[in-house]
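The same chain A turns up in both complexes below, where it pairs with chain B and then with chain C.
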Partner chain A sequence: MTSYYESSARERLANVLDPGSFHEFLPPTERVISTHLVQLETPAAFDDGIIVGRGTLDGRPVLAAAQEGGFMGGAVGEVHGAKLVGLLERARDEKPAAVLLLVESGGVRLHEANAGLIGVSEIMRAVLALRSAGVPVLVLDGGQFGCFGGMGIVARLCDAIVMSEEGRLGLSGPEVIETTCGVEEFDSRDRALVWRTVGGKHRYLLGEANALVADNVAAFRKAAISLLDTKPDLSLEALTEEHEKLGARLEKFGACRDALDIWSALGIEAPEGLPLLEADAFVAKVAGRRA
Partner chain B sequence: MDAKTLLEKLFPNGSEVAFDGLYFAGTGESSHGKVAIIGSIDAAPIGVELAFRMAGEVLRIVRDAPGRPILLLVDTQGQRLSRRDELLGINGYMAHLAKCLQLARNNGHKIIGLVYSEAVSGGFLASSLLSDRCYALPESQVRVMNLPAMSRITKIPLERLEELSKSSPVFAPGVKNYLKMGAVNSLWEGDLAQRLAEALDVPPEGDSRRQWGEEREGRKLARGVAERVRHAAG
Partner chain C sequence: MEKLTFEFLGGAPVNATRAPALVGVVGSGNLEVLIEPVELGGRCAVEILTAARGFGATWEAVLDDFFARHKLADVRISINDVGATPAVVSLRLDQAVEDFLGGAA
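Here is the complex of A and B:
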């Protein structure tokens, strides 16, 4: 069993897609680096921390991107963002079965903050245009840096999200909130608090993650295959339904101070035991209780 | 400029806008007919409730006023920073707003963003940057983060950042940097009602911000890199 959390972006692509099927666009040999990092005398990477290409999944053609947390926490700069935008636009031309986003990102890369923010905005527009054209976008989130900042918004724009318990999803990371608002607002060193606030299990219980899997690449692959036939739906009916759900969430859980309060309100007995459960046992225990 | 003065200048023929806390919404009479207005004041932090409310208004406009242009007038200091917002999935509320605006776009609503005061980071991403074309007043402030905070996090000396920001638009605060990089289409000066009329005349287009950034030499890499990935062999 290969850990998804411990794998590099390249290893994840190799193991999630059909063996040997991945072909990279603009590989490191092309040396498309961030000139902004060079200007700031900061080490650059020949792939700018993202790998984009095509492959097959269960025999079906897909386009895929993977962010490398080992390079600047997977943060989005000008080149990084443009590679992803190019891939999403290619998908609009080619209409593959799906686009897979193996996200791992702290959000905008501060060394090129304006370019990164605009890049994320272009990714958002490109995801929405692609979904409008009928191609589903699937997110896999189980890396060491989680998925935060603008990429956290991008993930929730997509058709489906697969997470492990180790995966995290949010907007402002715990460290950012602690630094700005104080440790009493969010203690980023309280790991249990961090996991139950932004971790995969809570996201699954809220209905944001479609699948919660164990931390291994085979489990992510299996879940991604099961979601290949997802049909994008940005109709008025679908978004009205989403709106009602999000409104109900505010009404039911808006006063909750902690994830445990939300899990209790969902009718789960002994919610404090949930973080200890393995993925399969967790999914079985909460069946029929998700928001 | 405050929102009420702005509305008078944009809509000399009148507007009906209801203010409620940091949020406002309504309609204005333009030279091209009614325009739907959604906005915020006082550098509002965008949290779950505000994003949800804006999304609800977009859905209402799509339902009740097919094709009516939507003008976003969002004044924001950024996303609301709190553990509660994260617990409730604030990124999902912002994504929902983005989806609702895409629905409006797909249904033929023009979406115009005008930064009239402040636009920061996640709040900017979840609002004006989602418009077909984003415009700004010359005195508005746009940024991800101020340079001292950026220096602390990147460990790059502040003096170095200040010096580089004189020649590079890529990281420093400033609406002109965003103009140069193509995220802001143009600055609105003079007769604002006339600027709005011109914006309403722009035909539907794709996301052209990379081209503008390249033409203005503020973002020289993005367009070419995206194009290469889109058309790479294999």
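Here is the complex of A and C:
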């Protein structure tokens, strides 16, 4: 069993896709690096922290990208963003079975400020354009740095999200909330609090993650294969329905102070035991109870 | 940031059709090592970009040891470093050669 959480972005791609099928676009030998970081006298990475390319998944053609959290927290800089946008635009031409995004990102790379912000907005536009062209975009989120900021928004614009408990998904990350609102509001060093607020199990219970899997690359691969036939639906009816669901969710849980309160409100018995369950036992226990 | 370059002579050329290998990540205390077959007239060239200034002599010692272990020629090694310790650098270099030459994992 290879841990998805502990793997590098390259290892994740190699293990999620069919063995030996991955072909990288703009590989490290091309040295397409960040010019901003060079100006700031900061070492840049030869792939700018993202690997993009094509491969097969269960024999079907896919395009895939993986962000490397170890390099600047997977943050989106100009080159990083452009590689992802290019991949998504290529998918509109090639119409693969799906595009896989192995996300791991704190959001925009602050060193590159506006260029990173523009990059994220271009990614959002490209995801929606691709989905409206009928190609599903699937997100895998189980890395050490989670998925926050602009990439958190991008993830929720996609067709489906696969998470492990270790994965995290949100807009402002725990440290950002603590810094801006105070430690009384959110203690980013309280790991149990962090994971039950932004971790995979809570996202699955809220209906934001479509699948909750154990932390191993084989489980992520299996879940991605099961989602390959997802049909994007950007119709007005689907969007209206989604908004109504979100509105009802806010009404129902808006007064809750803690994820545990939400789990209780969902009718789950002994909710304090949920963080201790293995993925399969957890999914079985909460069946029919998700928001 | 500091740029360092080193060259080694007297190694054995590797097959020029070998695929390049990349190991490691540009993160604190870590480094990435890219190793590629390049026609260099029998030299092994190493180029380092490091966030830590003033460690040229340490790099030279680590790379001397590395070249004593792996006598490569017609190979370019490119490194982006964020303050990795000499031990980590040695391990990453060995890992890169292992990947590159397809040795035992």
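Just so we're on the same page, the second predicted complex is superposed on the first by the 291 of 291 C-alpha atoms of A that agree within 3 Å, B and C clash if a C-alpha of one lies under 4 Å from a C-alpha of the other, contacts with A are read in each partner's own complex, and residues count from 1 in each chain.
As a working rule, a residue touches a chain if its C-beta (ideal position, glycine included) is under 8 Å from a C-beta of that chain, and two chains touch if they have at least 3 such contacts.
This structure is a prediction, so every number in the text was calculated from the model and none was measured.
Colleague: Identify the partner contact of A:S8: answer first if only chain B is touched, second if only chain C is, both if each is, neither if none is.
Modeller: second
Colleague: So, A:G150: does it touch chain B (first), chain C (second), both, or neither?
Modeller: It touches chain B, and chain C stays clear.
Colleague: Can A:G70 be said to touch chain B (first), chain C (second), both, or neither?
Modeller: The answer is second: A:G70 touches chain C but not chain B.
Colleague: Give one of first, second, both or neither to describe whether A:A82 is in contact with chain B, with chain C, with both, or with none.
Modeller: Only chain B is touched by A:A82; chain C is not.
Colleague: In the overlay, answer first, second, both or neither for which of chain B and chain C A:Q39 touches.
Modeller: first
Colleague: Is A:R249 touching the first partner chain B, the second partner chain C, both, or neither of them?
Modeller: So A:R249 only meets chain B here.
Colleague: More chain A residues touched by chain B or by chain C?
Modeller: Here the partner covering more residues of chain A is B.
Colleague: Which parts of chain A are in contact with chain B and also with chain C?
Modeller: The overlap between the chain B and chain C interfaces on chain A comprises residues 42.
Colleague: Please give the residue numbers of chain A that touch chain B in the complex, ascending.
Modeller: 23, 25-26, 32, 34-36, 39-40, 42, 52-54, 78-79, 81-83, 85-87, 89-90, 93, 108, 110-122, 124-126, 128-129, 131-132, 149-150, 152-157, 169-172, 174, 176-177, 180-181, 185-186, 197-198, 202-203, 206, 208, 234-236, 239-240, 242-243, 246-247, 249-250, 253-254, 256-259, 262
Colleague: Touching residues of chain A toward chain C in the complex: what are they?
Modeller: 8, 10, 27-29, 41-47, 49, 68, 70-72
Colleague: Can you tell me which positions in chain C touch chain A when the two form their complex?
Modeller: Counting only chain C, the residues touching chain A are 1, 20, 22, 25-27, 30, 32, 34, 36, 49-51, 78, 80-82.
Colleague: Which residues of chain B touch chain A in the complex?
Modeller: Per the stated touch rule, the residues are 48-49, 52, 55-56, 59, 62-63, 79, 81-96, 98-100, 102-103, 106-107, 121-122, 124-126, 129-130, 143-145, 150, 153-154, 156, 160, 164, 168-172, 177-178, 181-183, 206-207, 209-210, 213, 219, 221-232, 234.
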